[in-house]
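Two complexes follow with subunit A in common, the first pairing it with subunit B and the second with subunit C.
The block that comes next holds the complex of A and B.
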């Protein structure tokens, strides 16, 4: 699904990712953890196609295609969706417009006709209900005046409607109270599917109690220095990151 | 014939009709003709008309509208669907047949002006000075029809008064001069919608004047939606006088016209008076859209808030001048102005000038103008969901307009304006079917 090979990325001439390798297969759920400044956000940003990140070497392929050659919107249409750490407030753009335009863009890419209004509304209402969101939300501006929890629920709602092949969730748990975390996690878990992959970038082990990953990677100083199964998360919780970093240095 | 010649001739033509029992009106018109003769059409040497050249008008041939054109389809298609209290004007002339004027609450009079000129005597020309500009003088000299909305003390109109002006296509361009008079007694409340639309090839000159008088505690909301054809000249001025604790809100949406000029002048004469001016202009092709506002804070504890936004595409040009004057002894006032513009093309242009003139010392004032770019973060967020770059730009451009449109409180008007704006944005934005 996603293949990152020897990825080196600089921001303003400072190298942040220093030869990162990562393979995500269909159906897998991965968690990328690591201390602050390890390069977690940079990795998400480069995969999503944000400006200001210079790839100096290496490659990222998505389903065999060169991801770095694709425009931001092409990545989304091909099935790669980023859940933002800080979802952007877009005053004046109603949620319903965004959802409709995004779904239409994806369907057009797949050669499908646009959904008729009643079908579209039915789909949206169903997903809203699942995320325990009121339908009045559709006519509110995207994320404007939303609480932290509402913003994150909105990110997952978009995923439920757009059904990406690969969902990349950047610190989806930050700023969530326990109730919101449960709703968000249920949303993400409902996306789990043999054909779909999920990558969570997170600072906290707490999220992994709710969305149990198949693989955990520790990112430190621009490289993945250790990978393991879910038991690695418990060890990190207990012992912190220092021992992994020391072990890798040896 | 020139406008001056035209006005002279027109006045002599109708003089016999209006002089019968209405000597005051003839005198008023005659005085205005003299004002117009002195002022002439505004020219570029006047500070207020620096950017807007109306020379072309002086060379145009004009004839008088007769209001007899068949406009049934136009009226139907351009209607905002506000059917309760609706006055329709075809080329500026009241059409009784197309209008609905039933069930006015007690204390409310809504009268077509031509037939009820005498009722307008106490108000006509009282708020709008004839010498405000050559156009104001011309309107007072030669207004053909319009409306008098008279609200007694405490009268309250739940339904908006919908004034629908429809311009038809004429062989010779016509001069349409409506006069709208609104008089709100103490604590009276009403909403008035002034709407200008017409045939695609209508090429007349609309020269409208609106006068509004608010007594203590009165509350008037005024909507102006101008979507005349791209061949029309649209000149309009609105003059407002506010007494103590009154509140006036203006929503001014300017989409049409080859050349459009709107003046709004507000006099805050009593303590606690408040005015809100919201505006949106959207220019395409070679449209020239000019908005001039002036708020005089003549009394202490008065507030004004102004927010105008402009979107200019192609080779269109926008002009914004917002002036607030805080007069001596008008302490404890608040005056805030902002004007933001989006230029969608390299050849589009905006001349913007917010002005504050303050002669008191205890005031809270702010003003600013920006000519901006779209928010790059928002653009990225939309594209990251699969929206093409142009559509993302389109949605954000519409969102910019929506900051003004969303203040419109009548749902039918709100939706029509949003549709009209979306429909006038560049096609590459591909917003059709989405909004």
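The block that comes next holds the complex of A and C.
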């Protein structure tokens, strides 16, 4: 599904990713952990195609296609969704309007007609209910005045409607209360299937109790320095990152 | 026609009091008394109207062009402009849509303008336009039954001289400013609306019904009067791009609201802005003012401005009545080389008068835009209140936005609030939308429309939909 090879990325002449390798197969769930400032959000931004990042070497392919040659929206329509660490507010634009525009863009890419309004509303209501969100969220401006947890739920709502092939969820668990964590996790789990892959960036083992990953990676100083199965998260929770960093240095 | 001949003609015709047939429908360039006599005669105006025009001309000659607006344009040579051209006859107009500039039609398509309306807008001769005559007739009948007068100002001068004498120039005096004086001297045509006491006008009045009926373009003059407890909503312009051979446009609009009256005036202005270099665009110097004469009266200006090469425009309210209300909601978009200097003036005279100003400016390309607002509270305006919010959105980094808020407060019980923001269209917002698969252009449109929402919601429903589409067309190619 996704293949990142020897990726080097600089921001304003400062190298942030320093030769990163990552392979995600269809159906897999991966978790990326690592210290603050290690480059986790940078990695997801580069995969999504955000401006301002200079790829100095390496490659990223998505289903065999060279992702670095594609525009942001092309990548999205091809099935890539980024769950933002800090979802963006767009004053005056109704949430439901963004959802509709996004879904139609995807459908157009797939050669499908736009959904008729009643069908679309039915779909949205269903997903809204699943996320235990009030329908008033549809008519509020995108993320404007949403609480931290509400913003994260809104990200998953979009994901449920857009059904991406690959979801990169950046700290989807931060700022969530216990109930919300469950709801968000159920949302993500409901999309798990053999053809879809999920990458979660998180600082806490707790999320991984709800969404059990197949692989865990430690990203430190721009590289993946250790990979393992879900037990690695418990070890990290107990011992922190220093020992992994030391181990990698040897 | 040689100058001399024309002079003779004008004199002769004037003596006769009216004109039945004149070969030439355009006067030679230049402005002098004879041209004014010619226009007045063409319009079959009474003597008092001609005198009014001539007096205005005398005053205009003494005035100088304002230079303080934050815009640059070559000096206008008033002797090079032709001040009157008659409505195009059916023969000169395109006979069908096949004869209309395809680019214009493409824009109509994008704006979602219905097929039969496109023909009217493109200037296809009226009698060829589907059904428009019967529409207008039904419409006139309904208004007549309600006692509302809605006609051209020329007709009003002939048919309702007492109303014209009472109200014309009573809100925007001839001497008000350079362009207002010029307009008073040479105005070609415009609309007249009179809503009598206690009447709520049964429909929204739109200049659309009069478009192309006359070529009102260049020096338009509009007068709207709402008597006690009367109400009207008036729509000016249309979203379709208006091309015009006349480069200078100087309109005057006067609104009068008596006690408890309510006037809502909505404008969508889309004059030709010129090409990407700004060539050929229209200069639009407008004086619009409403007077809330009666207690509890209300005047509301809502405008969406996307056109013109140079715009200079400050719809204003004079709040004389006790507890009278003035509102100004504006979206102004400038792209490429356009320049706009717009804003409003709220003059608080009456006790407890209130005003609201919401201005949204969007600059793209190499355009330049200024908001200029004056809130003036006179000593008698006890407890007056104003709220001003003035937001600018920049697209790209070659455009400019400036805000000049002026306040003159002479009553200590008044409350005046001003908020202003300038933001660049957020890279993070664009990234967010595009990451959801929305194209960059659609994302810009979405964000811009969101930014303007507070103003769009003040527009009459169908106008709001058109205005959104218009904004999208205006910003085409603004990014990327």
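Before moving on, here are some points about what is shown:
Throughout what follows, the second predicted complex is superposed on the first by the 250 of 250 C-alpha atoms of A that agree within 3 Å, B and C clash if a C-alpha of one lies under 4 Å from a C-alpha of the other, contacts with A are read in each partner's own complex, and residues count from 1 in each chain.
Just so it is clear, a contact is a pair of C-beta atoms (placed from the backbone, for glycine too) under 8 Å apart; a residue touches a chain by one contact, two chains touch by 3 or more.
All values derive from a computational prediction rather than experimental measurement.
On the superposed subunit A, the positions of subunit B and subunit C overlap enough to count as a clash. Legend: residue contacts after superposition of the two complexes on their common chain; A:92 is shown touching both subunit B and subunit C. In the superposition on chain A, no contact is made by A:47 with either subunit B or subunit C.
Judged by the touch definition given at the top, the superposed model places A:100 against subunit B, while subunit C stays out of reach.
Of the two partner chains placed by the overlay, subunit B and subunit C both lie in contact with A:77.
Of the two partner chains placed around the shared chain by superposition, neither subunit B nor subunit C is touched by A:17. After superposition on chain A, the stretch of subunit C whose C-alpha atoms clash with subunit B is 42-50, while the remaining options among 24-32, 42-50 or 96-104 stay clear. Taken together, the two structures place residues 48, 50-51, 71-73, 76-77, 81-82, 84, 87-93, 97-98, 101-102, 105-106, 109, 141, 158, 162 of subunit A in contact with subunit B in one case and with subunit C in the other.
By the touch rule above, subunit B contacts subunit A in their complex via residues 375-378, 380-389, 391-392, 395-396, 398-403, 406, 433-435. Against subunit B, in their complex, subunit A makes its touches with residues 48-51, 71-73, 75-77, 81-82, 84, 87-93, 97-98, 100-102, 104-106, 109, 114, 141-142, 158, 162. Touching subunit A in their complex are the following residues of subunit C: 426-429, 431-440, 442, 446-447, 449-454. Those residues of subunit A that touch subunit C in the shared complex are 48, 50-52, 71-73, 76-77, 81-82, 84, 87-93, 97-98, 101-102, 105-106, 109, 141, 158, 162.
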